[in-house]
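The structure that follows is given in the form of structure tokens.
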Amino acid sequence: MNTFGQLFKLTTWGESHGKAIGGVIDGCPSGIELDLTSINKDLQRRRPGQSSITSPRNEEDTFEILSGILNGKTTGHPISFMIHNSNKKSADYNNIQDTFRPSHADYTYTAKYGIHDQNGGGRSSARETANWVLAGSIAKQVLAKKNIDIFAFVKSIGTIKLHQNHESIDASQIETNITRCPDADTAAQMELYIKELMNDGNTCGGSIQCVIKGLPVGLGEPIFDKFNARLAQAMMTINAARAFELGEGVQLSSLTGKEANDSYIYTDQKIQTSTNHSAGIQGGITNGMPIWFQVYFKPVSSIKKPQKTINQEHQEVTIEINGRHDPCVVPRAVPIVEALAYLVCLDFMLLNQSYLMHD
Amino acid sequence: MNTFGQLFKLTTWGESHGKAIGGVIDGCPSGIELDLTSINKDLQRRRPGQSSITSPRNEEDTFEILSGILNGKTTGHPISFMIHNSNKKSADYNNIQDTFRPSHADYTYTAKYGIHDQNGGGRSSARETANWVLAGSIAKQVLAKKNIDIFAFVKSIGTIKLHQNHESIDASQIETNITRCPDADTAAQMELYIKELMNDGNTCGGSIQCVIKGLPVGLGEPIFDKFNARLAQAMMTINAARAFELGEGVQLSSLTGKEANDSYIYTDQKIQTSTNHSAGIQGGITNGMPIWFQVYFKPVSSIKKPQKTINQEHQEVTIEINGRHDPCVVPRAVPIVEALAYLVCLDFMLLNQSYLMHD
Amino acid sequence: MNTFGQLFKLTTWGESHGKAIGGVIDGCPSGIELDLTSINKDLQRRRPGQSSITSPRNEEDTFEILSGILNGKTTGHPISFMIHNSNKKSADYNNIQDTFRPSHADYTYTAKYGIHDQNGGGRSSARETANWVLAGSIAKQVLAKKNIDIFAFVKSIGTIKLHQNHESIDASQIETNITRCPDADTAAQMELYIKELMNDGNTCGGSIQCVIKGLPVGLGEPIFDKFNARLAQAMMTINAARAFELGEGVQLSSLTGKEANDSYIYTDQKIQTSTNHSAGIQGGITNGMPIWFQVYFKPVSSIKKPQKTINQEHQEVTIEINGRHDPCVVPRAVPIVEALAYLVCLDFMLLNQSYLMHD
Amino acid sequence: MNTFGQLFKLTTWGESHGKAIGGVIDGCPSGIELDLTSINKDLQRRRPGQSSITSPRNEEDTFEILSGILNGKTTGHPISFMIHNSNKKSADYNNIQDTFRPSHADYTYTAKYGIHDQNGGGRSSARETANWVLAGSIAKQVLAKKNIDIFAFVKSIGTIKLHQNHESIDASQIETNITRCPDADTAAQMELYIKELMNDGNTCGGSIQCVIKGLPVGLGEPIFDKFNARLAQAMMTINAARAFELGEGVQLSSLTGKEANDSYIYTDQKIQTSTNHSAGIQGGITNGMPIWFQVYFKPVSSIKKPQKTINQEHQEVTIEINGRHDPCVVPRAVPIVEALAYLVCLDFMLLNQSYLMHD
């Protein structure tokens, strides 16, 4: 359903081509100063039309906070927000009104809900992710004094991969180019590749790496709410996400225990591990070391090429999709991954402190 | 926390070296005939000591159902079950009592709960997964008349991989060997590899593939309870799981839209797709095609080699772990993956039907 | 927190003197035709300024539905609604800005959230109940074809009581007078009593009786979600509610078993009971007979008389409350009680059908 | 369903005539020393056969804790407990096997779950309340250092009422007699009344008052989890409970605002109210003053007199119930009310502290 989180709860609503989308945050601690400019900045990183490799839809993503704030501070009551849908060009969808687009959610949504809402995908549109970015931006501000640092970047686009360890990433380079890959050369190749596909009416996928530093030891609630399990759920919620990999993940499965174990050491007056194959999580609980993970995205399904499919009457048809779609969603998904990571971290912070009993 | 599911809810309890472990299933439909022999069979597939490549702990996993059943049928009331801990050899842990084992949950559990329960890992032990297998076996029986078919098998052990597409797998071969890899040659290699590591006191990881066939169209509850998101959460809950990959997952991220799209066709009097890159899920909702996914496991951390670590007083120590541990958990994790898949499927079946309004 | 219901879930937000209040309904079945005029009619029954015995605040309660509806029908996706706050006269509160009004939530809200939001009570204001009425009106429409009939009426105002059994009530008389008491004589006395208190700057409480007819057998989810337990929770949520009484409740506690037992009979081709002391519920589950219950409300705390209290600096002060408050909320609470009853009924309908397994 | 609480969660299971009943507590803070003798003492106050006015069933209520405790302290992991059913005399039920007992849950349970489990009421039996008493006893111990004091007592039995204000009650007198009414004279009358009914094969109801002292300001989570709303839900869960009344409740509804308002005063270095008509709760949040409430119970439905009813084939029959039932459950319900009050208080304590953000 449409609520995420157990104590810091986000409930979202809205279709891509309705009046607006929005959400309600329940469980936000009171007395937190909210900087709306900072929220806006986060939203701009996600919005379409931000660069030459994104959808030309120029949604400004202006938002309004309708409750839960008094004199610039959170009140502890639900924060209702709304992001206006300024640019609803439903006419794009006229010619495909009653067809099931290949690899789209049209068919499954129609089958499940009995309603065929082709207006830009309705509720299944990635427009929804603007809600997550806004909520994640609030979560980030709640956590502001905790010295938690989360950053994500593009790790691969199609077959082009960034060959750099997450520890050597200079996070300040991420926003210096439109692909959000922190290495200038790789970024240039990625951009070129995306533009070639664009010109061809084709699309591609890719992957994102995200790093979380500064989390306290003890976050995560075994058995079923392990930190990694909730992180996986969150990331697999992103449209087009097809795999979640904690740390070295897939590669780790081919190593031996001797190679993969992390020894504990006591250094800088705290318990750490000499290596970090565990990616900061043991037994589903954070151990204070950096966490990192990858999310893999399939290519955008809206390609500008003739495709065979069927319509609602089960007849074979050939369609061409002409909506203003991204050739690759991965650069725009970077702030989405960060936002969801903040939501997960804050929720676990609140859960963890709820069980402490002081005399 | 310790409950999984929204309508078919499993709450588990128990430490590896206490009297017993167990669970309570709430929300099981009434009137379902339960075959206890079948539950027992599923438990035996998971239990340690089942073969020459598993832990020599010989837990028989005898279980008892304490409530929720009358005359062999479910009553609609909570089903409480208990699995006895017959073989608690805590002495194994004496020499490591106050140390933090490398890549184990000792440290994070101690830090979070303030209690150092070294008796076999306490709650963090994989013994807990017996509860899941038992509950999954019940879920399977509830779904018995729905023609849903779920099977999992070992896809890789260390660097040895099964090169076979899930569509060509002969599921009847899975249980013919102790590695649970359906190809005899690959299975033999895997077995050899595990035994070599065993003799060396070393361990390894691997991966499992799982196939779900026969699910109706419409399961999954966007936005935050997409079928794939809940499946990922479930699988990442398994001890040592480090990555979840739906269908072609990682590889899909390097393809183009033209290559990866699945066209709808109408055949055999139902809507299908000509290819199945989507792995049976679109927009987080099942489309009626087969679902398949991979779970990747890190190597077992309990190796029988001297390892450096620290104790609770932060002093550097060298330990050797002599408990009866598996050299590789992957073959035994096959029924665990299946069980969790059944739990996810049944929960979504119940959720899906709750929203239907008939006149 | 701010969500009610388990499958038909209402999450609300908004302060009495902000831009708007509103809510999100998650879990509404799809394909239900929504009549907005009918929603509006329900809202008008609750709104202040509706008669000479209510607050002179003239809130029009215009609402907007922002999502979840397509071509007049529910889509199965979250229904976001917003009710504008047209008449925010915060100046009324200037003179009491830093005091704790007697028997108000000012103090507890300030203590809990660390923020003193005196603007009309902020989140604790009864303005919130407009959200419930709107959501309840939608629930009523979802249930429209189920022949469920819910009506509430004023049973007492101060010391004036309606001496009439719920079975003999003519529901069509409820809206014929401004007190919502279905007996004209008693209604006239009540109106007179309220007006006298109004002139004196005083206020009063009272009680409401609600009748639910036509519910199927089997609603309610023991042990902890018994029909009566959730109904009690819902009703005690209403501002100023101080007691919940199922059927003969208090009086039943002084009878003997012989007097109070209801015998089963088979009549009109269904199982019924000869008497209905059980008020339609046995073991927390509906038995198909009519349900009725009472909710008791304390007097409005905002009286226009000098009252002693303290301010935030703990100094004793005398205040006079001049906001536009109701002398008695009970007549306006009638549609609120009905709305919450609809929410409870629909949620249990969905829960009940989720557990049915058909072959 | 069968879980109560949001952070301190109790999930229960078990039928009255099965092997055992029990429960799992999830979310119990770690490091709490548990005194099992004290739990046992609480259980003995609830058990049948404890006096000459209770059921002659002599259940000893021996319990076992199966997990979540190490060296006498809670570990932060689920506490699984089990209470054995020693005295299952199902033969009592032979003659009524296929009938629907008047005012019992037989019919509604059969209709809902499709299964007629007459063995002592199955899951609907009050035996379940032993689980609550055990869990409440643990909650009490978790709260031990918080100086919270909860006591309940019998306020009325049938038509015999205790005319004494809760403030003047000497709690040490409650356990001095078998009716649990703290006034010796009234207690004697009550005992006599119950015995007369017993001899006549008849039964009666009554009411309990409960007082909660020492709660901090700020407990309760508006809008839908107000302290009083959750308390009402909890109390209405008790078998035979028919009304919940906070403080002066029903009587308060006939007063005027001038009579019922509580003025704030600053005394003993804290904010208090001069009177306590609010019963310690304002806006659904505790204000630090004592809370008190009443629960009203209908008479026991199992009377030893011939009663007309129908059987499963819809035929009219006359039955006589000969099971060993209480003539009045109210004295035994006293520890049940207390236990549920502890569960509610602890859950709100944990919720309240989860939202605090310290720098």
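For reference, chains read A, B, C and D in written order, and residue numbers begin at 1 within each chain.
Here is the rule we go by: contacts are C-beta pairs under 8 Å (C-beta built on N, C-alpha and C of every residue); 3 or more make two chains touch, one makes a residue touch a chain.
Everything numeric in this text was worked out from a predicted model, so none of it was measured.
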| item | value |
| --- | --- |
| Chain-contact steps, minimal, separating subunit C from subunit A | 1 |
| Matching chain pair for A-C (criterion: over half of the contact pairs shared, by residue number), options A-D, C-D or B-D | B-D |
| Most widely separated chain from subunit C, with each centre as the mean of CA atoms | B |
| Pair joined by the larger number of C-beta contacts - A-B, B-C | A-B |
| Mean-CA-position distance for subunit D and subunit B (Å) | 40 |
| Whole-Å separation of chain centres (CA-atom averages), subunit A against subunit B | 26 |
| Intercentroid distance (Cα basis), subunit C paired with subunit B, Å | 46 |
| Multi-chain contact sites of subunit A, meaning residues that touch two or more partners | 1-3, 12, 27, 30-31, 76, 112, 123 |
| Contact set on subunit C toward subunit D in their complex | 1-4, 12, 100, 102-105, 107-109, 111-112, 123-124, 128, 156, 158-159, 197, 202-207, 217-218, 220-226, 228-237, 239, 241-250, 252-266, 271, 273, 277-279, 281-287, 296-303, 305, 307-310, 314-316, 352 |
| Partner subunit A, residues of subunit D touching it in the complex | 7, 27, 29-32, 76, 142, 145, 350-351, 353-357, 359 |
| Subunit B to subunit D touching residues, read off their complex | 1-3, 9, 11-15, 18-22, 24, 26-27, 30-31, 66-68, 70, 73, 75-80, 82, 112-115, 117, 122-123 |
